[in-house]
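Shared between the two complexes below is chain A, which has chain B as its partner in the first and chain C in the second.
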Partner chain A sequence: MKKRTSILGGAAAIAATFVVFVIPFIFIILMAFKDRQQSALRDFSWPTGFHFWENVVEVVKTRNWMMITAFINSSIITVVSVTLLVIFAAMVGYVLARRKTRWNGLIEFLVLAGLMVPPAVVPTIWLLQGLKLFGTLHGMILIEVAYNLPFSIILYRAFVATIPRDLDEAAIIDGARPLDVFFRVVLPLLWPVTVTNIVVQSVGIFNDFTNPLYYLPGNANATVQLTLYNFQSQFSTAYNLLFTNILLITIPPLLVFMFFNRQIVAGMTAGAVKG
Partner chain B sequence: MSASTMAGTPNRAETRAIKRSPYPGWFFTPAAIIYSVLFLVPTFASLYFSLTRWTLFDSEFIGLENFAQFLREPFLIKGLVNTVIYAAVTSGLKVVVGLLLAVMLTSQIVGRGYLRSVIFFPVLVSTVGVGITFTVLMHPTQGMINETLALFGIAGPGWLTDPNLALYSVALVDVWKGVGLATVIYIAGLVAIPQDYYEAARIDGATPWQNFWYVTLPLCRPATSTVITLSFIGGLRTFDLIWAMTKGGPGFASDTIASVIYKQYQAGFYGLSTAGNVVLFILIALLVVPLTMFLNRKQGHE
Partner chain C sequence: MTKTKTKLIALMGASTLGMLMTASAVQAQQSGYLSILVDNGPQSIATMEAWAEAYKAMNPDVTIDIEVRPGGGEGDNIVKTRLATGAMADVFSYNSGSLFQAINPTQNLLPLTNEAFQDGVQDSFKSVVSAGGEVYGAPFAPAMGGGIFYNKPIYEELGLEIPTTWDEFMANNEAIKEAGKVAVIQTYADTWTSQLFVLSDFYNVLAEEPDFAEKFTANEAKFAATPAALRGFEKLQEVAEAGYFNADFGAATYADGVRMIAMGEGAHYPMLTFAVGAIAETAPDYLDDVGFFAQPGDSAENNGLTTWMPDSVYVAANTASPDLAKDFVAFIASPEGCDIRNEAVGATGPYMVAGCELPADVPPSVSDMLPYFQEGGQNAPALEFLSPVKGPALEQILVEVGTGSRDAASAAALYDEDVRKQAQQLGLEGW
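Moving on, here comes the complex of A and B:
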């Protein structure tokens, strides 16, 4: 009897979540397969012919291959800023967890402030202009690092606290210098949380729209999210192309999700259960 | 905290120990420089520039005029109110729906793996993409949602075109996209509840409802406070979804502070835009600090 109700409940839940969560994605895929005329109807129907490849080619070629530029820019921003984030945040989290000084309170306060306080956009633009970094990939990378450091530091600090001190102390007694201790002993041990960091932060930075909108104006520096936003007006009558674009930029997160589901969930729920 | 030599009052030997510490303070330097220059300096600068009329090249000190304007212009006040409504609606719904989904997913239900993946995946999808998709789905006459409702003889509302409804429609999409995160946080919290409590409740003859109300709900409070805090701050700061769906419209009906900041920036009112930033900061501080204190105090009672 119990078993039966749970199967019925499961079926109901599967049906409900299918309607709410899956159908919008099927809609995106169907639209991306249609031709311009059929997609203009914006209905949930089977494509009369499969035009996916033509749509992809047309989207990619729009505005002088802007999608290609955008994918390259987004990849550079994501890879470089996540690399810097991992190294710098691990260094802070490591020393913060290992060494108790009177600065710890201040640093922890700054980390929490970084999670809560909204960035002051116009003063940041003014500052970036002063540093000749406004509208450059370098500037964008440094901004992503600055804004995402607090979250990575929290993840690293919590994880370092679970690694026995004996390990680094043994290396120190053997005469290893601090940098060697960190890069050869501690950082390899932090691998699980590093994977979590890489996955969570790259999804966040790849999907970031607001910060590139402010700090990275201009076509030469477009990111994939900005390109999609700009195409929204350009493709206002070509829904097939608009949805092909959406489908294309959904593929990277989908791949990450398929391979790193566990790490993502671990990273995003970190700290939730401590209490 | 282990018995480190650095604790206690520093004397000469200890100062030397700190200098030769295997955990050198300069490890903070790269992060500290980037964070200070690109985050702290602009934040403090905003306190000054919010008091000026500013063109990026020169600024004229005008005192609290920008803030006065914020409280005078009806559409700016509207943005302020909308921000609070949006944050309250999204975080409230994420708590309720997230908890229900998590209870369902931790029970003996078929298709758990599928359900979990499907509910969580939208968290990872581009917000702009989600916004555009739902703008199409929510079209008053040609959108799929209203066409489906019409099949049942229901005349669907103008989700994004009705000024009274637009903000809530965007909030619903925000919940659709973000509830997966609330759910996995709750799952982590529910799994951590020791089975003994349920065992004891069963012996006392508790109904499933009593189980939920007296055991599950109080014991997953840490998860609740995380979900509320995260989604409330996120809701107050929200920009990308609103900008992708309504751009604050129709009129100013779904403007929030973050979209006002962007509009004033686009219009070249840099001082006013920065004042908006300070207002948002003050709003977050005024609402979130008491909220976290309240949530943590309750936790101490358990």
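Moving on, here comes the complex of A and C:
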């Protein structure tokens, strides 16, 4: 009896997942196969002709191969800023969790403030211009690191608390210097939450739209999400090309998710034990 | 060793001199780098790319980089942010009229008042890109009209005539409804499309109240208290109450509306004439099936079109190459520029530049619009080009009227109230 309800529950969960996640994806794929006139109907129907390949060629070639530039830029921004995020957030989280000083309260308040206070665009651009970083990829990377650091710090700080102090002490007694303790003992132990960080932040940064829109002007600086604007405008949208574009730029995050799937679940539950 | 070096330097000097001489020989040509920011409408991009190609062919030493921005509210933010931070492209396209006033033109833009090309630009256009006594823009596109698109096959099938009065229009609607077809297309998923019955009625308002715009700006005239101005609201209410709308009018989008009018799924669609471009893209085979007429008033003699000014191209005040930018803008606003536009995206309406010709084979919806602009034709600008006052909630209020949840009189009164807030923000006198 109990088994039957659990099977029913499982079937319901699968059905719900199918409706919420799979059907929209099928819709995207179907739209990518249609021509412009059929796609303007935006209905859930079988494509009347096979236009996928010409759509892909059109999307990739549009605006002087902007898609290629965009993929390169987005990859650089994502990889570099996630690397920096992981290193810095792990360090800050480790120190915050291990070393209790009277500054902890203030620092934690500032980290939370970074999460809550919305960043203002124009003053940030002035700052970047003053540092000669405006409209450059490394300026954009620093922005992504700054905006996402508080979230990563909080994840790491909660997780470090679950690692016994004895491990640090054992390493110190064995003669490890402070940096060795962190990089050779603690950081490997943080792997589950590091994976969570990598997945959450890289999907977030890869899919970031508004920040590149304002902080990274110029054709040479296009990122993948901005290529959507090539096909969608205020009064006219080429839905077949738009959905082909969406399909193409969905693939990298999908791959990341498929490869790290198991570790994500492990990392989330591991981080959730103690907060 | 030293000797060869000296020789080399002398040689380099000579070749530099030679280069300088060739440069001065073609002084009429421009050189340098020009960045352009254009909105991402397919027509805007195609036109700007065609202009840039043609300009580069004439001036081989010029490099042009076209960057694309979104339209709508996001586009407003981008333009304002980039102007405020000095990161604007040398030349950019943006709205004329009240949105132009909102980007602080006297501070952010380069005046183009004394450029030679302005002689050929119509005064009505100059007035909507002027601030503080200076003209800042050049027309980016042809003029537009606001009126009613109609499906020609349906008109032919039912033997209908183009209406010149509102009563004839309603009679046509009745005949179309009796034939079992959709008489009027409305698309309230894109709320802005609900405004056309009121906004395109402004020619008829001006015909009866020539000074409505000034009085409206000075808080002396109200929509609710002026019968002629109230008519626009009443017209929408009449059409809605008669049940002429398509069944899915609440959920249909602008793109649906364009498709429906082109393919004969509906007979009338009130819209701005820029929809001709959208029809040409989504349903090119049906372009010749769509005609256009001005929104009829109450008298047949006084039938005229409410017109919209096109977007404009501007030069940023802090551009590194003002001469090149001005020369490029002059090229856009020349008859040659119009020809290039015609070739790139086709003709969508009459040009604002003297000497610009439309090709002979324009789509019927465009040729239907031309008589209103020619000698003996009648047209008047929309209210938003005569008064800075436009309430932000007009589209929502009109959706209420169209769905039957509010009557015309109370909608007009509500809009007068909506307008008050905006006028006070602008700091106008008398509010």
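What to note about this one:
Criterion: the second predicted complex is superposed on the first by the 224 of 275 C-alpha atoms of A that agree within 3 Å, B and C clash if a C-alpha of one lies under 4 Å from a C-alpha of the other, contacts with A are read in each partner's own complex, and residues count from 1 in each chain.
Following the convention adopted for this analysis, a residue touches a chain if its C-beta (ideal position, glycine included) is under 8 Å from a C-beta of that chain, and two chains touch if they have at least 3 such contacts.
Since the structure is predicted, the reported quantities are computational estimates derived from the model, not experimental observations.
Chain A is touched at more residues by one of its partners, and among chain B and chain C that partner is B. After overlaying the two complexes on the shared chain, residue contacts for A:236 are found with chain C alone; chain B is out of touch. In the overlay built on the shared chain, the residue A:121 is in contact with chain B and with chain C. Once the two complexes are overlaid on the shared chain, A:10 sits against chain B while remaining clear of chain C.
Contacts of A:251 after superposition on the shared chain: neither chain B nor chain C is touched.
In the superposition on chain A, contact is made by A:129 with both chain B and chain C. In the superposition on chain A, A:36 makes contact with chain C only, not with chain B. Shared contact residues of chain A with chain B and chain C: 41-42, 121-122, 125-126, 129, 213-214, 229, 232. Listed in rising order, the residues of chain A touching chain C in the complex are 36-37, 40-42, 63, 121-122, 125-126, 129, 134-135, 213-214, 217-219, 229-230, 232-238. Within the complex formed with chain B, the chain A residues making contact are 2, 6-7, 9-11, 13-14, 17-18, 20-22, 24, 27-28, 41-44, 87-89, 91-92, 94-95, 98-101, 103, 107, 110, 114-129, 131, 142-143, 145-147, 149, 153, 165, 168-169, 172, 178, 181-182, 203, 207, 209-210, 213-214, 224-225, 228-229, 232, 239, 242-243, 246, 249-250, 253-254, 256-257, 261, 264-265, 268-269, 271-275. Contacts from chain B toward chain A in the complex involve residues 1-2, 4, 6-7, 18, 21-25, 27-28, 30-31, 34-35, 37-43, 45-46, 49, 54, 56, 104, 107-111, 114-115, 117-129, 132-134, 136-137, 139, 142-144, 147, 176, 181, 184-185, 187-189, 192, 221-223, 225-227, 233, 237, 239-240, 243-244, 258, 261-262, 265, 270, 273-274, 277-278, 280-281, 284-285, 288, 299. The residues of chain C lying in touch with chain A in their complex are 39-43, 45, 65-72, 74-75, 77-78, 81-82, 84-87, 254-255, 259, 274-275, 277-278, 281-283.
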